[in-house]
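Naming follows writing order (A, B, C and D), and every chain is counted from residue 1.
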Amino acid sequence: MKSTSHKVSIRKRTTLRIAVLGATGYAGVELLRILIRHPRVRVEIITSQQYAGKRLSEIYPSLAGRCDILLEEIQLDKIASQADLAFAALPHETSMEVVAGLAERGKRVIDLSADFRLHDPATYLRWYRAHKAPGLLREAIYGLTEIHRKEIAKARLVANPGCYPTGAVLGLAPLFAEKMVQGTVLIDAKSGVTGAGRSSAVELSFSEVNENFKAYNVGVHRHTPEIEQELSQIARKPVTVFFAPHLVPMSRGILSTMYVGLKKAPDSERLSKIYNDFYRTDPFIRVLPPGSFPQTKEVRGSNDCAIGFRYDSRAKRLVVITAIDNLVKGAAGQAVQNMNLMFGWPEVEGLTTTALVP
Amino acid sequence: MKSTSHKVSIRKRTTLRIAVLGATGYAGVELLRILIRHPRVRVEIITSQQYAGKRLSEIYPSLAGRCDILLEEIQLDKIASQADLAFAALPHETSMEVVAGLAERGKRVIDLSADFRLHDPATYLRWYRAHKAPGLLREAIYGLTEIHRKEIAKARLVANPGCYPTGAVLGLAPLFAEKMVQGTVLIDAKSGVTGAGRSSAVELSFSEVNENFKAYNVGVHRHTPEIEQELSQIARKPVTVFFAPHLVPMSRGILSTMYVGLKKAPDSERLSKIYNDFYRTDPFIRVLPPGSFPQTKEVRGSNDCAIGFRYDSRAKRLVVITAIDNLVKGAAGQAVQNMNLMFGWPEVEGLTTTALVP
Amino acid sequence: MKSTSHKVSIRKRTTLRIAVLGATGYAGVELLRILIRHPRVRVEIITSQQYAGKRLSEIYPSLAGRCDILLEEIQLDKIASQADLAFAALPHETSMEVVAGLAERGKRVIDLSADFRLHDPATYLRWYRAHKAPGLLREAIYGLTEIHRKEIAKARLVANPGCYPTGAVLGLAPLFAEKMVQGTVLIDAKSGVTGAGRSSAVELSFSEVNENFKAYNVGVHRHTPEIEQELSQIARKPVTVFFAPHLVPMSRGILSTMYVGLKKAPDSERLSKIYNDFYRTDPFIRVLPPGSFPQTKEVRGSNDCAIGFRYDSRAKRLVVITAIDNLVKGAAGQAVQNMNLMFGWPEVEGLTTTALVP
Amino acid sequence: MKSTSHKVSIRKRTTLRIAVLGATGYAGVELLRILIRHPRVRVEIITSQQYAGKRLSEIYPSLAGRCDILLEEIQLDKIASQADLAFAALPHETSMEVVAGLAERGKRVIDLSADFRLHDPATYLRWYRAHKAPGLLREAIYGLTEIHRKEIAKARLVANPGCYPTGAVLGLAPLFAEKMVQGTVLIDAKSGVTGAGRSSAVELSFSEVNENFKAYNVGVHRHTPEIEQELSQIARKPVTVFFAPHLVPMSRGILSTMYVGLKKAPDSERLSKIYNDFYRTDPFIRVLPPGSFPQTKEVRGSNDCAIGFRYDSRAKRLVVITAIDNLVKGAAGQAVQNMNLMFGWPEVEGLTTTALVP
């Protein structure tokens, strides 16, 4: 499949036909929340292993009258013939076979799992397990829109970033691009509970999470290699980070507090200029004035990433804090942003919702 | 001012010019969240007593780049000359003077305070205090859109309903219209905390509200006469209700559980038909199948009102439960819905956002 | 077993030996929180089907150094020989066989499941399923301490009440005892999430419950017959209630708002006297002045039940509101209160903890 | 006053008479929650500027029947004559005058404000303002019990530590005592909302805090010099830390995640030994096995501090995480622990409550 001819064929139709695989997970239903209001697409197929045969609105009544189609099991040939683009919001390690099947059938895919984010099969093996479609790893484009815009536009397979890597890399990229960083960056990240997906784990039950705060997977979280891969590419040399995620008793939002050693003490004007220049043309990035920091609520339900920073001369550390909604910029919103790029549409199409505040 | 000529003059312009008075309260900022994406309006003036001189985005960073205009103090002549419609989201008892001033200047106003909801000045006096613009009370149209659609379309002054009355009356109206109700209806309502507005009261601080549930103003809440006024009008005879509000440790949403005695035991098919017929053409009302009840989350951030009911033959009571977002259908969303009617636009314009789930 | 000889044998020992069956559920661990500080008991055996072989402190680190014994599977003979009293905090419908086995072995048991609360096997069948130990049903004493104090003191098997029935019956008992009630009482109850136990159900996950409010099992909840059984006994005639439970996004607490028709309008002094007289000697009941209502937070972590009431002459309804902690007075605390009675100790022993506020 | 003679005079009485100044703030009411169950004390005087003349149980109904005495204004002479010990839970900068007045009258005081925590008046001036009782600064003992046990026992004035410094210093002390630390320690702390006290600030209202996560006072929080003072004293050389506090949407609890550079890579057995040796005799410190980290819920309502650590060889950083309840070990509980020391009682007296889980 050549993307050029693909674009031509799409443009003949007025509306892009979409399949959402894994539609009843949180990333899946967030995709649908966005896509049903997107002016250029029509959701044609939605799948769910658990709920096949039911209407989506039986599981999510808020979609009644907006997306009442039946959930199906995954049928690759049917998807290939009836959809122009598939979003795969399937569990890690099970997504790869489905994506490979769609790729074989010439379909463009945006995959929200971790399966195609790491370029190196050996790294995937170390943090997950043996990869079943290592050939596709080389072809997949890492879908952090602001960093890989050009490749995404032409991509056949986009590996949508993890929620944590989105918040972390967007906050650090300008510093690594400017080669200002010295030493290991510490990323102390805090996520709302939807980041763990729609889950029946006891430890994610309300009674366990509410009125509680904890760290988990400190130093061993699977998003670590994803962050390092991207920062290394930007820095053009190997980067090591230390990543400590925490669970916040709230539903949505990631705040990433990052501690960065710099080669020399910056002045805040220059820092401001570096961030603002780097994100000059990015509609969803909000760079705050020096010394101001974002809150998760100000991005909740929107595709925004807000970035604040402050250099502390006592500690000789730059603190960078980013806030995203893990389900939007950290998953479904960024996936739609990537779709917009892939089909030559305005990047903000369907994504102009303002954060739900308060 | 005649509304006809008004409409003509508006239609010549492509875009309606809006003033939002009290823009930094929760109803005000929710109005702005909706209005900045409404295709037919432009927000021209925003006012705030507390923050006059600041940019709105300094108080609400989520609106940065979307609504960066300066907050002003209220200047009636300026508003009259630069805005076609004013939304007043001011405190109860202070709104009436501002609204009267705008009415004198021939402006159409949608008032979100309680000041013009009660038709009878004596009732207002009993529950609030002496009214300063009793003449306008007779002119004001109660803005419960589904009940007063025709009058709202022609109204000069719309008194936007309270959040509790919206949830209660929408759930009970079909029963009173069918003259099925016997005895006092009990309304056990539960509201999220934003219903109390942007407040510095200690009893609304996080540490007091969180992990707590309580009733307040049981039997004496000011929304009682509003509910009774509307149900009496529908029933064409005096209706008494008992209203017991409760505070839920969540930000948005009202669930109203209502216990209704009926003149005779209904069959559920007929009940279904009554509700579905009554709301046949109403885009924001979602009548659930008999025996199903709504949750507040399925309407959060949307202008929907979901209605469920179940007749219990043991207790001889019909239970009706409605769910709304107090800031949307219970305030700003319904206000915009009313604006759409007043200017002859599709009722759903600017209000098609789906609930934020999860 | 005769309770008299039993008491004698216990009093020879300085310390009562306790078994807690189902120690890792929320009622079980709450029992342990209370029992490890109780001056007259020693926890000898704790069981868990899921975690047998582990230390309790591995699942609940807060108990490290306070209760580090090993979890075991249930072995009836061992329990019978090593414990003087067993608390059974096992799932409904599985508890009855274990309890029957302990009863056969002459053990006194406080059962926190629903299995022995309903005296009539036919009622149990209707709301649960066929009972496997119907003979014991007749012997079991319903453990609502304030109502059945005398029988509990002599009981061999105490059926500890459900959390909802505790809050409801304590609020209504004085009115039924005085034969003041007319018509069906409506009970609109609101519970924190721990009432559902330690659960892996998706609908109890944080992302589903948080920022949501809903009713469930309206009119069909299994606690209905328990409430009716107790009120009928107090009223000495059949009582029907309508029971509508709701789920509050908080961990602990039940607020029960009850709407009561009265035979004649009461004066509030007389009402106060009725409540205060009824609970004159009850250390855990807090009757509020007329017109005041309790909040759940003021009883959180304590064995208190706070009761408020207000008669509304417009609606001709008495509103009674009670607040309890569902895990303490609604489960483990009341169980310990019953143990104190059964062994002739002061009723408040081990239960003097004040609510955790804020 | 000599403490020796003081002790003698106290021991003659069976019960210590206590005054709690600022009894209606969160630290104050938490003190009362603990003190009313303490077997060796009697609360004689409670003061409140705002509520003088009311009963405490009017503001905190949970204390009805447990502490129903009247709130008074502060009268130094009365306190001096009727109380043996005063806890001052007054606002920073207003406490110092009251404490000085009591010191003049020969009273022993445990001050929960920040006013006497910093030994150097110049440091106090830099972070707060000019000190009005600099002479007392030299006499005051910093009340971090595990570090200054001996001095506290003899102290006339104990400056009870801030909540953040308690969590931070307890986690870091063994490392500094062993001179293992290299470079600036980064402290990324997360606190529940009660840490801000009983407040009417809009930004602490439920609607602002709920479903939100943010950093505040990054690098400029007033607890920074307190942490540095204590660590410098342990290290016997100046220590600089970087302190970044965050606000968690929960009521109680502080989790402090600390990133520590070490002079050489430790093995985890040695680390374990260092921590366990350092806290060998401390009843409230729970050192977790290497690689395990605590959660805030496991200490909620208790005086415990749980400590976990893990060395990461990739990042060459030791991560130390501590969890405390900010109102107990971080305020009122530690104050009572200090009182126990000051009067020669068992350190755990009145503080044996287990955490409220779930």
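Keep this in mind: a contact is a pair of C-beta atoms (placed from the backbone, for glycine too) under 8 Å apart; a residue touches a chain by one contact, two chains touch by 3 or more.
All of these numbers come straight from a predicted model, not from anything done at the bench.
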{"item": "Chain copies touching (chain A, chain C) - same or different residues, decided at half shared", "value": "same"}
{"item": "A-D or C-D - the one linked by more C-beta pairs in contact", "value": "A-D"}
{"item": "Taking each chain's C-alpha mean as its centre, the one farthest from chain A", "value": "C"}
{"item": "Whole-Å gap separating chain C and chain D, where each centre is the average of the chain's CA atoms", "value": "36"}
{"item": "Inter-centroid spacing, chain C versus chain A (mean Cα positions, whole Å)", "value": "47"}
{"item": "Separation of chain A from chain D, taking each centre as the mean of its C-alpha atoms, in whole Å", "value": "41"}
{"item": "Overlap residues in chain C, where contacts from two or more other chains coincide", "value": "26, 194, 198, 207-208, 210-211, 249-252, 294-295, 297, 300, 358"}
{"item": "Complex interface listing, chain A residues touching chain C", "value": "26, 193-194, 196, 198-202, 204-211, 249-251"}
{"item": "List of chain D residues in touch with chain C within their complex", "value": "26, 29, 33, 36-37, 60-66, 194, 198, 210-211, 251-252, 286, 288, 294-295, 297-302, 304, 306, 352-358"}
{"item": "Chain B partner contacts - residues on chain C that touch it in the complex", "value": "184, 186, 188, 190, 192, 207-208, 210-216, 218-219, 240-242, 244, 246, 248-253, 255, 257, 259, 293-297, 300, 310, 312, 314-317, 319, 321, 358"}
